[in-house]
Amino acid sequence: MKRIYVKENRCLGCRLCEWECMYANSGLDAMFKLKGKQGEILPRIRVEDNPEDIHFAVNCRHCKQAICVKSCIAGALSKTDEGMVVIDKNKCVGCFTCVLVCPYGAIMPAADGKAAQKCMLCTDNDRGEPNCVKYCPNGAIVFEEGDL
Amino acid sequence: MNIYIPPEYEVVRDGSRCIECRVCERQCANEVHKYDGDLKMMISDSTKCVNCHRCVCLCPTHALKIVKSEDTYRQNSNWGAQTMNEVYRQANSGGVLLSSMGNPNDYPVYFNKILVNASQVTNPSIDPLREPMETQVFLGKKEVEIKRDISGRIVDTLSPQLSLKMPVMFSAMSYGSISYNAHEALARAAEELGIYYNTGEGGLHKDFYKYGKNTIVQVASGRFGVHAQYLEAAAAIEIKMGQGAKPGIGGHLPGMKISDDVSRTRMIPKGVDAISPAPHHDIYSIEDLRQLIYTLKEATDYKKPIIVKVAAVHNVAAIASGIARSGADIIAIDGFRGGSGATPTRIRDNVGIPIELALAQVDERLRQEGIRENVSIVVAGSIHSSADVVKAIALGADACYIGTAALLALGCHLCRSCHTGKCNWGIATQRPDLVKRLNPDIGYKRLVNLLTAWNHEIQEMMGGMGINSIEALRSNRLMLRGVGLNETELRILGIHHAGESM
Amino acid sequence: MKYVIIGNSVAATACIEGIRSVDKEGEITVVSAENRPAYGRPLISYIMLGRIAEQNADYRPKEFYEKNKVNVMLGQRAVKIDAGKKAVLLESGSEVFYDKLLISTGSRPFVPPMEGLDKVKDKFSFMTFDDMKSLSLALSEEKRVLVLGAGLIGLKCVEGIADKVKSVTVVDLAPRILSSVLDEGSSSIVQKFLEEKGVNFVLGDSVLSFYGANARLKSGKELPFDILVLAVGVRPEVSLLKEAGGEINRGAVVNERMCTSLPDIYAAGDCAEGYDKSAHANRVLAILPNAAFQGRCAGINMAGGDDVFDGGTPLNSLGFFELHIMTAGVYEGECSEDISGRNYKKLFVKEGKLVGFIIIGDIRNVGIYTALVREGTPLSQIDWRIMSKCPLLSAYSAKERDEKLNKGV
């Protein structure tokens, strides 16, 4: 399965990926319409900075043995046949056990605080391919077959 | 007291489009943009802006633009704002003004006043998509006599040659003036394109020895980073006598650009300014130059062509004639528009001559003296496009060096602030956080794209002229016509005015 | 091969998946006393809250049983295991034969003896879907609810009913709420928060007796109520195994392959014990992820595969209204705390490792801490200065980060 990989030595910490993620999942038809919507929609990718000027983006790794899927109390998280970890919003009750167990910090409460959200590789919006990858200005986020 | 100098450009933010993502803030090394927590909005300080367009390019909602400031001094055709500001700046600081990249002033660009011929009816043009079209060139001394051994077999006496898949190379830009990633992009692009890049006077980083067969190493007046393996690693060696942006003066790399790696590569102390003297202290004549050339040839077993690079100055033709007799294999001439990472403004803007005129004169002089085949000629100093390459070759060049065009391909927006070391595009900087911004994987691809496109265009223009080999275009000045040029200019260029036939 | 699973929740489902990862054909029968497909037990308070529609509450999609070729016997209580005959006797009198049997019966409510309890009309447990349904029916705006037990179950029930009734009072013997999960400081934050929502607590006290619509407490206090919820505690449901002669401690004793002491009988989930990596002992670790891991492990082994459950770590993610609480591991060793307003963070470091934490409020990336606890990562391998402030992957070395983010996971 194609996964998102991050190249730390290329990441500038500009956080465009976070905004492109929000845009892709906002349903808006122009990015500037995100204006004033901070807090109403949250990114499913997060950029970490460290004091040594290291930056990198993190989103769902789609783990083979996904501990979040096993820990979900509602069966809202599951793996597709291809291996993608998906969340069913209608089933998620917002207990955030997945947040507690995800070793990457890649699942987070959605903006309304009532359900969890995670990267589904932009298959759940109209982009079709990961928007963060497409708009990373430095090729730091790639979408490719991994060594699995 | 320092006199306040109003910014030349202003950052304009469209508040209705700005989503306060703060990408501009994170991407500006000059700290122009800032999120103001009290006002809950982005604010910009135009006085710090160098107009590099990094923020404009990365702003995801295109909320930013940079405009020329409307704040002007009283209209004056004699004392322009720029001139006045420079006086203020020098009165403030007492310092020599520094600039970067090439001369931006309003001097004529002769390439833009030269037009290229095409075939019609009586001589067929060639379709490069259907017919072979040769853009490969060989640089180096060509033998005019054929020698045979006693049994009549031809003896190979050909001097070492550089083989270029197209008549363009990347000109000398040192590691130090530009970043590691910029060098990697240039080296990898040269390898893929089958051309050469040039180390400049910065030594060769250990990581880039593997690109040696596509590398020209430079030996300049500071002799930084020169040692046996360095010479051995390269495909050719360039002795830098002068640079178009600063004829007659040496180089100056500010200490803050001398990082660990740069210091190691140049073999100089870290953090200390690197000064290349104005002259080579061992070269005061063509004979002295010849000694250095043969020293380098000896050191490399006569296997590598030696390039001598000079700035285009008033008596460049006579100088070139001397170089052609000195044992050099290639002469590189750098016009007054050539770029630089840091140069005194007055030198850059007032010294040297246009490359078009210098080239025409050098080619002409060497032909007259019958020594044109002794050397190849490479020209530099604002080759803007494939059309300039075609025109330069028709004026007598074997190949062109491009510097600025290559940097533009890597993202440079000609803000001309290289000397500050804070290049937001990761090119002219050694700050690791900024160097990172130039991903060589992307950069090298863009360079390859650019020159692949140029090569197509060169072939199109050659085909149009009915020429299928770039060699046949060299010095073919009948293919050129001038427009708006006076008699003297036409004579120097050795071309007719447009409208005149053969 | 005939597989029989008693019980039908998370461990059972994971067992089915485990079996099917090895054996695509064997006959699987699930015997469930409940009348509906598997659901996550903790879900019942959320259903009550309306956070999830009843029809979405199934743990697996509708087609799950059919797709996995599982014969589900709903509403059939298993009453006896005949280990000799390898048969499970059902309440209905019929027998189900097995080659491999899984006991995943979970736990049952524990009710201490209280005088007059049998006379209380509206009393409920809060363990199953049916419990929740019948409690829901009894609720109305003028009812006063008395909840016995300020543990997880009791308080989740409180969250579910608080807006629907006149008053809620919680009584617990312990001096603080959630005493098994939280320390004093965090417990008082949660208590205060719930009190602001109108919940009354009577702590360090217990009910001696009921008379009429009153509870008389040990302290002498009297509490009038209309509805009683019993959430004092739970016990592993191991009666079937015990009767069949299986070894029982607190829960069913199993080895790392989830085998009980009886041949071909496995146990998993809340009814079974397992290795607790944090306590360094075998014990019942009644948390949902554990049931999933144990169930799957049992399934794989039942089907002839080879898997071990190498232990679990206590984990709790609790939400009461908009307040989120996360805990893991044990609260031993050196504690570093960061407490401001409603944000509460305590990290417990012992022998150079993070062994547990309690976090209330800012729960972002908490899983990064959990991984440290679970994996027992020596803190010398990471930048603890960064990590102790905030759970970040950047505290790992460049090599570790590369492993985590760019290699197969």
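Lettered A, B and C in written order, each chain numbered from 1.
Here is the rule we go by: contacts are C-beta pairs under 8 Å (C-beta built on N, C-alpha and C of every residue); 3 or more make two chains touch, one makes a residue touch a chain.
Every value quoted in this text rests on a predicted model; they were computed, and no experiment measured them.
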Chain nearest the overall C-alpha centroid of the shown protein atoms: A
Reference chain C; chain at largest CA-centroid distance: B
Length of the line joining the C-alpha centres of chain A and chain B, rounded to whole Å: 44
Where chain A and chain C are represented by their mean Cα positions, the distance between them in whole Å: 28
Centroid distance [mean C-alpha coordinates] between chain C and chain B, Å: 70
Residue ranges of chain A in contact with chain C within the complex: 5-8, 46, 48-51, 54, 56, 58, 61-64, 67, 70-75, 88, 90-105, 107-109, 113-114, 146-148
Of all residues in chain C, those that touch chain A in their complex: 14, 40-43, 46, 51-53, 56-60, 288-289, 292-293, 296, 315-319, 322, 324, 326, 328, 363-368, 370-371, 383, 386, 391-395, 398, 401-402, 404-409
In the complex, chain A residues that touch chain B: 9-16, 19-20, 23, 30-32, 34-35, 37-38, 53, 135, 137-140
Chain A-touching residues of chain B, taken from the complex the two chains share: 16-23, 26-27, 57-58, 60-61, 63, 432-433, 436-437, 439, 441-442
